[in-house]
Amino acid sequence: MAQHLDTLKEIASSFSAAYVKTPTKLKILDAFSVCALATAVLQFVYAKLVGTFPFNAFLAGFFCCVGTFVLTLSLRMKVAEHGGKPTAAKEFGGYALAMLTLFIAAVNYIG
Amino acid sequence: MARLAAALAAAMLLAGVALAAEQQKVLVLLDSPSLESSHSAFLAGLRSRGYALEVRPIDDKSLQLKSWDEWLYDKLVILGSSKALGGAIDAAQVVQFVDEGRDVLLAVDSDVSEELRSLAQDLGVDIDSRGNAVIDHFGYDSHVGAQDHAAVLADNFVKSAAVLPKALSTPVLFRGIGLSVAAESETAFLALAGSPTAYCGKPGAAMTDAKLAGPELGLVALVQMRNNARVAVAGSLHMFSDAAFQAEATARNDRVLGRASNEAFCTAISKWAFQEQGVLRASQLSHRVLAGAHPGAVKPERYRVNDDVEFSVVIQECADGGCKPYTAEDVQVELVMLDPYIRTSLKHDGQGRFATQVKVPDVYGVFKWVLEYRRLGYSFIELTETVPIRPFKHNEYERFIVQAYPYYASCASMMAGFLAVGAFFLYTKA
Amino acid sequence: MRVCLAALLLLAAIGGCAAEADDKRIARLQALARRGGGLIELDAGTFQELLVGKSRPYSVFIVADAKDLRSDPKLRLVPLVSDFKLVAKAFAATNAGKPAAGQAFFARMEFSRAQNLFGRMSIKALPYLARIPPGLAITEGGAVSVPAEEVLSTGGYPWGPERIAEFVGERTGLAVGEVKHAPLISPRLMPLVSLAVLACIVFVGYKLYYAPFMRHQALYAVGALCVYWFSVSGGMFNIIRGVPLVGFDHRKRQAMLFMPGQGQLGAEGFIMGSLYTTVGLSVAALITLVPKIKDSGAQRVAAYAILLVAFMAYRMVTSNHVWKTGMSPHWYLF
Amino acid sequence: MAGPAETAGQTAQHKAYGNVLTGFALLCICVLASSVRLFSVIKYESVIHEFDPYFNYRVTRFLSEKGFYETWDFFDSFTWYPLGRVVGGTMYPGLIFTAGTIWNVLQKLNIPIHVQEVCVFTAPLFSAFCAIATYLFMKEVRGQGAGLASAAIIAVVPSYISRSVAGSYDLEAVAIFALVFVFYLYVKTLNTGSLAWATALFFGYLYMVASWGGYSFIANLLPIHCLACIVFGRVSSRLYIAYAPWVILGALAAANIPVIGFNAVLMSEHMASFFVFGLLHAALAIEYIRDMLPPRAYSAAKKLVLTFGTTALAVVLALVVSYVAASPTFGWTGRSLSLLDPTYASKYIPIIASVSEHQPPSWSSYFTDLHIASLLAPAGLLLCFRPLTDASMFLLLYGVTAVYFSGVMVRLMLVLAPAACCLAGLALSEVTSYLSASLVAAQRAQAGAGDAEKKAKAPSETDGSAAGKKDKAAGSSAAAAAKQAAKKAAKKGGSGGGPLGWVSGPWKPVPKDVAIVGLVLVFLGLSMFYRHSVYVAGEMYSAPSIVLQSRRADGGVKVFDDFREAYAWLSHNTDPDAKVASWWDYGYQTTAMANRTVIVDNNTWNNTHIATVGRAMASPERKAWQIFRSLDVEYVFVVFGGFIGYPSDDINKFLWMVRIGGGVFPEIKEPHYLGADGNYRVDEQAGKALVDSLMYKLSYYRFADCGPMFGAQRGFDRVRNAVIAKQDFELKYFEEVFTSEHWMMRIYRVLDKPNRDARLRNPRRAKLGRRAPSKRRQPSGAPSK
């Protein structure tokens, strides 16, 4: 048990050490995706508590968050692959497009 | 179907108007010319009620009921006996006459011809076999029926205000043949039935078991066809005669009961048969949405589920040429799709307008308002109106449910986050 | 009173000595049945042994079977016989050691081996399952007239073991006991079982994931080809319609591989499927293998051989197809 | 992809040539694809075909009148009386909206064209699009050559023609295009890994979902592919971008289509995608960590992740399984369940099994429907492995799954068709390119020295000249393929990832003669294929089962137009809101052509209701009369072929009515309708229940009296080839009102309740003596002297 814990510690420490090196942009994206995921989880819990009455609303909200998470993550990957600035903007264009569609779909479905 | 019902109502309305305005033609067929004098009172009664009588012998060669495709007469009275129908008339044509909504009064006596019996049978009344007579060894009239007990005093009247508006105090003097109607018949009923001791058999001959006896033994039967045409079948000619109208009813032990109520009774049944009594007219069937998709829409093309709707119809009772609002508590309407989803009784406001308010079920489909009202002696009312019920449209569902606010919020937050991140992402150099 | 008593005793005595002979017979038959796995195989000898006689102290249940018709999907002879066997086993199990064990025997007669018996019992149609009541007198070579109520009505066929057991029960009044099926999973267990299965799948998948041979693409190529071959040859058709692998031509009294008209036979389908795949494979070979051959002569020969194979296979497919569907394509436009 | 060796100019030139040639070929293919489907219009006329298209046509008409929103909420009170049908919520709007949009656009352009024409010609149009989509798809997978070849094949592949001839206005007409297009977008996204394409994928998928129930095939195929990629360690950001957004957006898209709604997340068909979704994330997490952590920590972390992952997996599985096991059909719709367990439908759902296109195909139907594609496909399967890219792996999986499913249901042959065509096209292009390339090599050997230029040009010329003789599409495809080959060859065995696997590594061209023979054979095979397809398109698949043709002995054509005759009669001679009952096959046609309310129709969503009609048809006359009265039915019609020998009539469908009816109402028992010998027959040995049934009576009423037909004996049924059991009988509760010219359609009126209760059972009735004969009257009503 104990060594499990310190392996965990070690992992965490080395991870954070490695993570510090990642550029800010990626950090932001990570933060955004993480909070999106958190929102999704919250909604899930909420739905489990309150009951899934407006099921479509729940689905829309949930998928909206998960979608945001996914898209943000993919954008992060692209950016991480080639940290080159010029492509980043182009990538972001696609990202924005996708996000827009996502939002439209979600709002259309939410009620 | 609804259209048909409406048309029917309209037709009846017209008939009523006509009754007041120009005279209706009645063909009276007599078995023998002598009947015209012996039954003058009855015929006079008809004339006085505004009918144009055309009296002809039943076996007249030139008789004609319809020429080309139109009927020459509105009503038909047959005071018949042994003779066959003459001229162009036969049982089939009379049946057709009835099927096309016209009324017949048929009176026969003991030596009735087979043709008339079959006619009666086609109309739903079975006349006992020829030669039989109604006999009552206890309830005979001691004046006219003393020797053969075949002139009976019958007071087993039908309990229906539609046929007999006011109860008759004295019995009816009846000499003739017995009738019967099928038990499960929806159309025919007995207006005058035999007393418990009456039976139908050969006068003078001893009889151990009579097929027709007691209350099943009919003396006068009334038939209301599904198209509301009416037929009265009486087993006796004598009961319509002046003599009978004048007769004093005297029971077995010479107890005088007073004037026999033949006249009143015969007038009543003839009135009933000729649509002057117990006629119900439904009109102005309407239904409207009170609360729902299109509030206030009258006779909308379709409802939406859970609409509040009002169904209303005007029913009038017509008697003696005039119509007055009908009042009854037992008029019901159903909302049917395969099975009735709603069955409720209509409330009336003394003016004959029957209405009810219901919430249509939460089921979509093609529904029908069905109003079926059949009461003894009254003309049938069958109204149906088809109204589909549609589900919610995609934009009619409830919006902004409180429970769902978190979800809305999450979406909004995502958008905000997206904008923020986007802005940052694009405008930071790093 | 006393007289009857005496009579009874007398009867009992007679019955007693008759019974000894029967006991031996029953013992033999039971041994026979045990050898046959619960069923007695009827032929002239066993028929003599089992049935011939004015009466028997036991009733015999006979199921009719025919080798030629086993392939007929509608008749379901094989399951019928196995069900019958199940019932026999159940009967033996429940009445083991009891005298009832010797009061009913289960026999099967197969057409090719006991042809004349079919005639004698005047069996016209299968499926046929009947009971020979103890009282029925059977002479050697004489006709066996089984009363109608002793024959299990073909209504509601296939019967299934329960029905057969019920029949046995009501005819003999002996307890058959419940028939043991092949173990089935009750729907209530379903989730657990499927969960376990899924877990296993996950585990196996995990193992396979690291297994070296999973890296060989040839494996998957072959797999894909097999699937293709299977469905192109209408394998599903065979399964769903329960088509026999080989048909039997009753006129020519010989097995036939190809069936004219609609539908297909199992073998037919697989042959055609193989032809399909042959063409494809040879084409693939032309592209993939031939270029690898160094020597040009050998290469030429190989190439020609491959082309020939492909061409022949193609020819056969087309000709068969025309024969099957009667389609005769002609140039439409010119 | 300019080769390193040459100067940019020449390559540009070659590319230009190639592109022009390709574009031209593609154009030809499109023209071919849509024109080969016009036979039906030429031979018959421009009518809607068969059954389901009539419903689509009707809704499209509604759309053209009322607009999109109304259609979205279209509640149809004309079908399934009295239940009604929420059309908007139960249909796949894709096709209808497409046609509606086309129509509207044409109207905007002041092209006054009737909706029907638009509907008729939608299918050929989209088959052309489908060819293009196929080209793009294969181009992504392998390159132009393969693309053109597949396009050339799919343009005329019979199985696709069968559902997309002009006039067969059915969902599949557009759905196949959508299917292929979605695959193209997916592969495109997979190759480029750009979010823009992912968005495009979403829209494509949205269209697919809106068009056809077959979308669930995609919804399961993509996860399978993704899973395969994970298993083979091909996880990459491109895969993630192609797959993950699709899962989420796709689910939203599906949920937005009313007919799917919540099923998008509840039905088991969609579970796989979410499951793999989770798996993908796990895999990526592992990769990510590996990058981030030093190896030692990584291994520890990996253990953690794996244990965690497996447990999570187990939990999820447990949830899914419990949910699935809870629902009776394990959460699968009957149709897809019958895919997994082929024998399911035939056992439990007669209504599915009754549809002919749900039967399994035998070997011959593969050759009929795919012809050479089914022969070349295996080669394509193999070639997918050399080299095995993500894209080719996708194609491989697509082919394998599709071929399996097609084995279960004939109709899924349609899903197989594109796969087979792509595989075949792949094989074809590689064969032609190899052979032609070796031709080039041979020529070079003759010409002696030569450099890349000649190599590159020569084949295009030689083969191009060959193409002159060849059928256009095939030829040009081969030519383009050859160009490709030449380019590759010119690259001196450049990147091994190129589409032509054999280029990499040392290869030896076959001798010239072999190459020529091979090319000739290929050409022959292709031309056979074209001959077959065109023939099939003309003869088999262009008949609009509503108008029938038959060749007379003298070669003339006889047209049977009874259906439209009868429907016209209904629409002109019956009350506008009369209810018409018939077997469900004719429901759509009745509503569309006769414009009358029907009881059941081809959208078989309510088994009980259909069973009720089946029961009525199978019951004796009086019982049937009661049933029909309770449904307010005023007219009943049956389709009867015994007069002219039209085999697919109601008597032949009757057993299905009995089965479906018996499935709900146990008093209907199939054996009673079979003859003594257990066969279904209408002659003397016919089952008693059959002879008493309403269907028999309505079909054969007055049949025997219609005169000795063509010298046959009295009451001889030309379909069953038998003299019917009961020839002369009267109808008590039904009245014949119309019988079409060839007796193919017989319409009866359900009589009302009698006006009088004459002659009810009355024990007290005295017997009637002889009745007076009714008189013969002159029309005037006066007695005749």
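So that you can tell them apart, the chains are marked A, B, C and D in the order they are listed, and the count of residues begins at 1 in each.
Criterion: a residue touches a chain if its C-beta (ideal position, glycine included) is under 8 Å from a C-beta of that chain, and two chains touch if they have at least 3 such contacts.
Only a predicted model underlies this, so the values are computations on that prediction, with no experimental measurement involved.
Taking the mean of each chain's C-alpha atoms, the chain closest to the overall C-alpha centroid is D.
Between the CA-based centres of chain A and chain C the separation comes to 59 Å, rounded to the whole angstrom. Centroids built from CA atoms put chain D at 37 Å from chain C. Work out the mean CA point of chain B and of chain C, and you get 71 Å between them.
Chain geometry summary: the mean Cα position of chain A and that of chain B are 77 Å apart. In chain D, no residue reaches two or more other chains under the touch definition.
Of all residues in chain B, none touches 2 or more other chains. Touching two or more other chains at once are residues 60, 106 of chain A. Chains touching one another, given as pairs, are A-B, A-D, B-D, C-D.
Within the complex, the chain D residues that touch chain C are 231, 310, 313-314, 317-318, 321-322, 324-325, 342-343, 346, 360-364, 366-368, 374-383, 385-386, 388, 396, 399-400, 403-404, 406-408, 427, 430-431, 434, 501-502, 507-511, 513-514, 517-518, 521, 525, 528, 531-532, 534-536, 538, 671. Chain contact summary for the complex, chain D toward chain A: residues 193-199, 202-203, 237, 240-241, 244-245, 247-249, 251-253, 255-256, 262, 265, 289, 292-294, 297, 300-301, 304.
Put simply, chain A touches chain B in their complex at residues 23-25, 28-29, 32, 35-36, 39-40, 42-43, 46, 50, 53-54, 57-58, 60-62, 64-65, 68, 72, 88-89, 92, 96, 99, 103, 106-107, 110-111.
Against chain D, the residues of chain B that register as touching in their complex are 61, 64-68, 84-85, 87-88, 90-93, 95, 98-99, 113-115, 117-118, 121-124, 126-130, 132, 180-188, 211-212, 216, 223, 225-227, 229, 302, 337-338, 364-368, 386, 388-391, 393-394. For chain D in complex with chain B, the residues that touch the partner chain are 72-73, 75, 77, 81-84, 86, 88-89, 258, 577, 597, 630-632, 753-772, 774-775, 777, 779-783.
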